[in-house]
Amino acid sequence: MYRYVLGCALAAGVAAAAPANAQDSVKIGLVEPLTGSVAYNGKSVVEGAKLAVEQINAKGGVLGKPVELVIEDGQCAPANSVNAVEKLVQKDKVAVLVGAFCSSATAAIMPVAQKYKIPLVTGVSSSAALTEQNNPWFFRAAETDALMAKAFAKILANDLKLKSVAYVGVNDDWGRGGVEEFSRDLSALGVKTAMTEYFDHGTTDFFTLLTKLRAAKPDGIFVAAETQDGSILVKQLQEMGLQSKVFGVGSWATADFINLTGDAAEGIYAAVPYVSSVENPANQDFVKAYEGKYKVKPGKYGAAGYNALNITAQAIARAGGTDAEAIRKALAQTDYKAPNGNYRFTAKGQAYGFDAVLVRIEGATPKVVASAPVEAPQ
Amino acid sequence: MSTITMDAPDRTATAGDPVLRVQDLHVAYGSTAALHGISLDVHAGETVALIGANGAGKSTTLRAISGLLKARSGSIDWNGKPIANRPPEEIVAAGIAHCPEERHVWPGMTVEENIALGAYLCRSKDEVRTRMGMAFHRFPRLRERARQMAGTLSGGEQQMLAIARALMSEPRLLMLDEPSLGLSPRMAEEVFEVVRAINAHGVTVLLVEQNIHNALAVASRAYVVQTGRITTARPSAELRDDPELLKAYLGG
Amino acid sequence: MDLFLQFLANGLVVGVFYALSALGLTLIFGLMRVVNFAHGEFYMLGGVVGWFVTTYLGLDFFSGLVLVALVMGSFGWAVDRFLIERVRGQGEEPGILLTIGLSIFLVNITLLAVGPAPLKVARAITEGPIFLGPVTITKMRLLAMVIGVALIFAAHAIIHRTRLGSAMRATFQDPMAASLAGIRTKQVYAATFALGCTLSALSGMLLASIYSAQASVGGLVSLKSFVVVILGGMGSFPGAIAGGLLLGVAEALWGGYVATGMVDIIGFLLVILILVLRPQGLFSIRAERA
Amino acid sequence: MTLERNVLLGLGVLAALLPFAVTDQYLLHLAVMALFYAILANSLNLVVGYVGEFSLGHTAFLGTGAYTAALLSVNAGWPMWAAVPAAGLVAALFGLGIGAITLRLQGPYFVIVTLSFAEVLRIIANNWIGVTNGPMGLAGVGQGGIADKRVFFAIVLGLAALTFYLSYRFVYSNAGRAAVAVRENRYVAQSIGVNPFGSAMQAFVLGAFMAGLAGGFYAFYISFVGPEVFRFSFMATIIIMVLMGGKGTLVGPVVGAVIVTLLEEYLRELQELRLSLFGLIVMAIVLFLPNGLMGFIARRREQRGDAPSLSPAIEERTV
Amino acid sequence: MTALPTQRHGGEPLLRAENLTMRFGGITAVKQVGFSVGPGEIVGLIGPNGAGKTTCFNMLTGFYTPTEGRVFFKGADVTSHKPHAIARLGLIRSFQKTNVMKRLTVFENVLTGHYLEGRQSLLATFFPGERVRRAEREARESAAAVVETMGLARRMNAPAHLLSCGELRLLEVAVALAAKPTLLMLDEPAAGLNSHEALLFGETLKTLIGKVVQSLLIVEHNMELVMGVCDRIVVLNFGQMLAEGEPREILNNPKVAEAYLGKAAA
């Protein structure tokens, strides 16, 4: 009986894996968290990516074929992301991989991509270490914390006239990276560090942390947190009656964030690689298309998905085929005009040249305060 | 629920239709058979004893009657109506109360709560209060301990409490499982006094008891149960005066 | 000193919230002994349903709360009758696996239905800080505490003052004796589960109006609630309050004087300590379980 | 006994032949993951199935194993053949410590306290930046080493063979019978001279050792280790495997691991519905196959009148 | 009442209980009970339900620590020893009703009973040498033999939960015997047997003495069995010793009759 069950299972496995589709489309694999606690942001990336594919296919696709997006749930977990990549590469035969959101998951799939010689583009993972692994197949179409810090530290220190800053970050690789980079660059500019604290993702009550913060009496509060944690934190900042200037990184310049935070969002600053209120024609087209499709303005993750897909598709077009090595070379030559500026890659695969913005939330909309191009790291 | 018409109490009557009739009852725990065809009759106003060795199936019989156990086959009729495999609450409502072995009072509830819950199916608060008054009247010691946790009572007091609780449903038939278990002779004697008094008030009693002399002193008839079967059914007096019985019982 | 007072106040507020979110589990895990890993999902559903009825049905907060209680009560009843009932009396394992499956199902079906975004639940009153000497607290928090304490007392009253409550305690202390008294134990189990589910959902909605509702919050709530119930002693309402306050204050002080980065470790360390030193919990007397 | 041994041997031979029959790397990857999970499920089964205590903290050993191997590889450059056994030994040490505390408790207390240990370790791993690199995790484990998936398959098959051999020896030895006696009837076990605590401890430490080996392998295979190895979702997967296959048998966890691994992958076709469906399947298993697939098969055999030899049959649980 | 040393057999008794007292909360379950079991003896411990027999058993075998009093086995004080430690000295007991592992087969039950003989290091478990393999083989042979002795050969591979009441009783004794006891203590071994079965069971017990076990201590309700098998009987009532003596003395003791049967009134 069990032999029978096993036999069936194995047979089913072989059968389901066998048919390799005739290549009548160009496949791009996308690994994002669709379940679990970061699913919210993962979904935005997928939305942006889907919009990009729609637009590309409306214009006739690439190489004369439509682009097919194969989406897998990596749950931001290394093992699950590796499973997803194995499936995308072996079963779906994707030409390029995009993903995997969390830096830890991306770190786990990078060797897989390298082994199979499939280009991997991430639009999100920001851990600086990723581009230091000498993996020629890896490209990051995203800012790193260090690059953001470099772009804005001077503006923050000079324009907001901050003397001391308290740093608060979510206790993961991204939050810690943000806090470390910003505090390093701001300290170099003479801004004192009043306090550094981390909190776990999913924390709902920040009063203890804010009590310490109030005692530290900083001029400014730097926060690295995503929508869910960030909105609660900012709300409670107001509830505690704290008056310090708040600025930070995260998907803050979005309608969801402002809606969740309410009037507590007024006057806070956010350094983001993308905001929907940038006034240039390319962006306005993007925002209109995105809003038309999803009834909501794009945030940084929507834009990240959109950009990553466009960069990938353009590279395939330039490569003139789905040969991995050709695509890799084409990716290295990227010069992509995004809604938020131009993307190019350094030799290590780090994107630069696009504009990051500092926004201030006024009247429930993010107003651009400053804009700075993200420069290539030395 | 049906109301039960009572015959005039007649402690020795065996004629006429029995109020409780069990016929060829089979019960099993999982795949282990426990009863292999028990048949017995109880008439209104009687006190009937089930006697026999440990594990013979006396308690199992009571549990099957009160609906705690499912009957594999056979019938249980109460006033002519089949009640086998009905849920316990229906059987309590029909007028059969079961006072289980080892008392099973709720240790973490007060004596008062224990007693009050005995009348769970009675929706009228006044009625419950009246019945509680009667219970405390019958068991004055429980009134003294009304606020105490039942778990802190002595064995005899717990037994009294269990009986008082069972009586709160105003049963027509009271089934008592080993009421003298672990009690001192004086205490046991007290319990049996109570049983006699209850019976005198017209409540039919079905008694499982190991202390055979006490059992026979209370009961008018007795059934001897051995390994899941009834082996003897005789009037108590007959058994009591038969010296062979002692040996038969002791000899299993 | 001022700092300490504020920490203490924060800890007490959060402690009440912890007690509140563990209330349902006190019934289901503490009394019924179902190791319910779907507890956090009941809590989450309270918030999500609360968001739905206040946003789409246009109900005010309190009517929404009542509707959530009704919906989640029926849901809990159904879960017990159709799922838990079938594994009752078989030890912990089937219940654990069943509720793990249920929680996976509920999270993901919610994710499908309302998406992964945090949801904003209407507030009962306008927000505003209150200053008590050196201590800052907010109106909404005070209200939530009041409602929370009221719920805790209400739950306690149901257990100790009503017919159903007596039936519950009787059933959990001795199910056989309960059957013999005419209590329909299956109904009592289902009612208890429904009550537990309702309490979880109410606290979910209440706290979602202060924080936010989201499909994925359940896991953390489950874990913290287990901590609270174990700390307080299984099935004890006063214990749950004490356990919640202990956890809240311990976390606040640890966060305040050590680091906020790993406050979650406190609860688990306390659980390990308590279980090793005093397995029946801090505030439980063995004989009385309700 | 012999039947179970033969089934395991047969499965082992089948698995050994797999790389020759299958060239598809994805399938091979699934096979590696299935075997990895089979080791884990088997190790948990020693505690859940044979000692009869429900541990929800088994990821503590998976995690310590994974971190040990990753640290030894990244910091000290240990090769896989040395780091993986070390991972097993360190996990066994943790098992000894945690078991000494937790095995005094039973029932729901044991469940929660084991879970607490796993969570404590996760939080430590997440915050002890100096050693574990915190949430950034340890990347590049065993880099530049093995590249061929078939080699990984051979290694995990070897580990599986070793762990199943050890389990088999244990389960069918005097010591294993003592553990079963404790599970079935603690009092009887004591009355025939079994020390319940010591007996449970043996199985617990053995389970920890094997989970540590699996963790060490995981570190090298995935090449990245972060605090998520301690997470409850991992635990849920393993426990589902054990109970789905049938606890208290050696074949059950293998079957469970294979089915769940394949199920999780093939449900991918259903996209967003997949985890909802997975939850439903788990519930259905509890309700309709309460003793797992092996229990179901054993019962069928019993009904057909064969001697029950695969698993202790079912019928009544302890009342 | 204190222990009466067993003069008939001379020398130190195998098991000696002195002044055993057990209180649970405020209730005294057993009060100052003392008796002994000599080599080669079959001693019966009788008394009405709730008289404290099982509590005595639990104190003798380490499952309860007595509030007062001492237990000596083979001359050594074992009063606060753990149950398994006492078992390892050769004092093996059975439990009322539940002395088997229901999901295991008859053979597996008895084989498990051989635990003490087959203890070995973990290394030997994983890499069994010839000695361990031989021990295992011998244990299996011995288990089969014990099953045979107890007349259960026909049910060798039946799961215990399928056994009849009588077979279960035999299996309980078989499991205990497998542990090679010096002194075997049986708690109501004949419960649920009819008189014929009980008689046969008694005969089986008698054959064990001197061959398989040195002595027996039996708690039993079945008087015929007790009277027929035991050399000496200790009677408990309400946790205290009521009488001690040979079966005939006990049978004619009016106090015993009263305790057992209630007042011989009416």
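Chains here go by letter, A, B, C, D and E, matching the order in which they are written, and residues are numbered from 1 within each.
We adopt the following convention: a residue touches a chain if its C-beta (ideal position, glycine included) is under 8 Å from a C-beta of that chain, and two chains touch if they have at least 3 such contacts.
Predicted model only: the values in this text are computed from it and were never measured.
Peer 1: Show which chains lie in contact with subunit B and also with subunit D.
Peer 2: In this structure, the chains that contact subunit D and also subunit B are C, E.
Peer 1: What chains, if any, are shared contacts of subunit C and subunit E?
Peer 2: B, D
Peer 1: Counting only C-alpha atoms to place each centre, which chain is farthest from subunit B?
Peer 2: For subunit B, the chain whose C-alpha mean is farthest off is A.
Peer 1: With centres defined as the mean of C-alpha atoms, identify the chain lying farthest from subunit E.
Peer 2: Between subunit E and the rest, the longest centre separation is with A.
Peer 1: Whole-Å distance, subunit A centre to subunit B centre, using C-alpha means?
Peer 2: About 74 Å, centre to centre.
Peer 1: Let me have the rounded angstrom distance from the C-alpha centre of subunit A over to the C-alpha centre of subunit C, please.
Peer 2: From the centre of subunit A to the centre of subunit C is 35 Å.
Peer 1: Between subunit B and subunit C, what's the gap in Å when you average each chain's C-alpha atoms?
Peer 2: Taking the mean C-alpha position of each chain, the two centres sit 43 Å apart.
Peer 1: Could you tell me the distance, in whole angstrom, between the mean C-alpha positions of subunit A and subunit E?
Peer 2: From the centre of subunit A to the centre of subunit E is 72 Å.
Peer 1: Which subunit D residues sit where two or more other chains touch them?
Peer 2: 126-127, 272, 275, 315-316
Peer 1: Which residue numbers or ranges of subunit E touch two or more of the other chains?
Peer 2: 161
Peer 1: Can you list every residue of subunit C that touches 2 or more other chains, as numbers and ranges?
Peer 2: 107-108, 111, 219, 261-262, 264
Peer 1: Within the complex, which stretch of subunit D touches subunit E?
Peer 2: Subunit D residues touching subunit E: 165-166, 169-170, 173-178, 180-181, 184-185, 187-196, 202, 206, 307-308, 312-316.
Peer 1: Using the touch definition up top, name the residues of subunit A that touch subunit D in the complex.
Peer 2: 1-3, 5-6, 9, 12-14, 16-17, 34-36, 71-73, 75, 77-79, 82-84, 86-87, 89-91, 103-104, 107-108, 111, 115-116, 127, 129, 133, 171-173, 176
Peer 1: Can you tell me which positions in subunit D touch subunit C when the two form their complex?
Peer 2: 48, 54, 56, 101, 104-105, 107-109, 111-113, 115-117, 119-120, 123-124, 126-127, 232, 236, 239-240, 243, 247, 272-273, 275-276, 278-283, 285-287, 290, 317-319
Peer 1: What residues on subunit D touch subunit A, complex-wise?
Peer 2: Contact set of subunit D toward subunit A: 7, 10-11, 14, 22, 24-27, 29-30, 33, 126-127, 129, 134-137, 139-140, 143, 147, 218, 222-226, 228, 231, 233, 251, 255, 258-259, 262, 264-266, 268, 271-272, 274-275, 293-294, 297, 300.
Peer 1: Across the complex, what residues on subunit C touch subunit D?
Peer 2: Subunit C residues touching subunit D: 29, 33, 35, 83, 86-87, 89-94, 96-98, 100-109, 111-112, 219, 223, 226-227, 230, 234, 261-262, 264-265, 268-269, 271-272, 275-276, 279.
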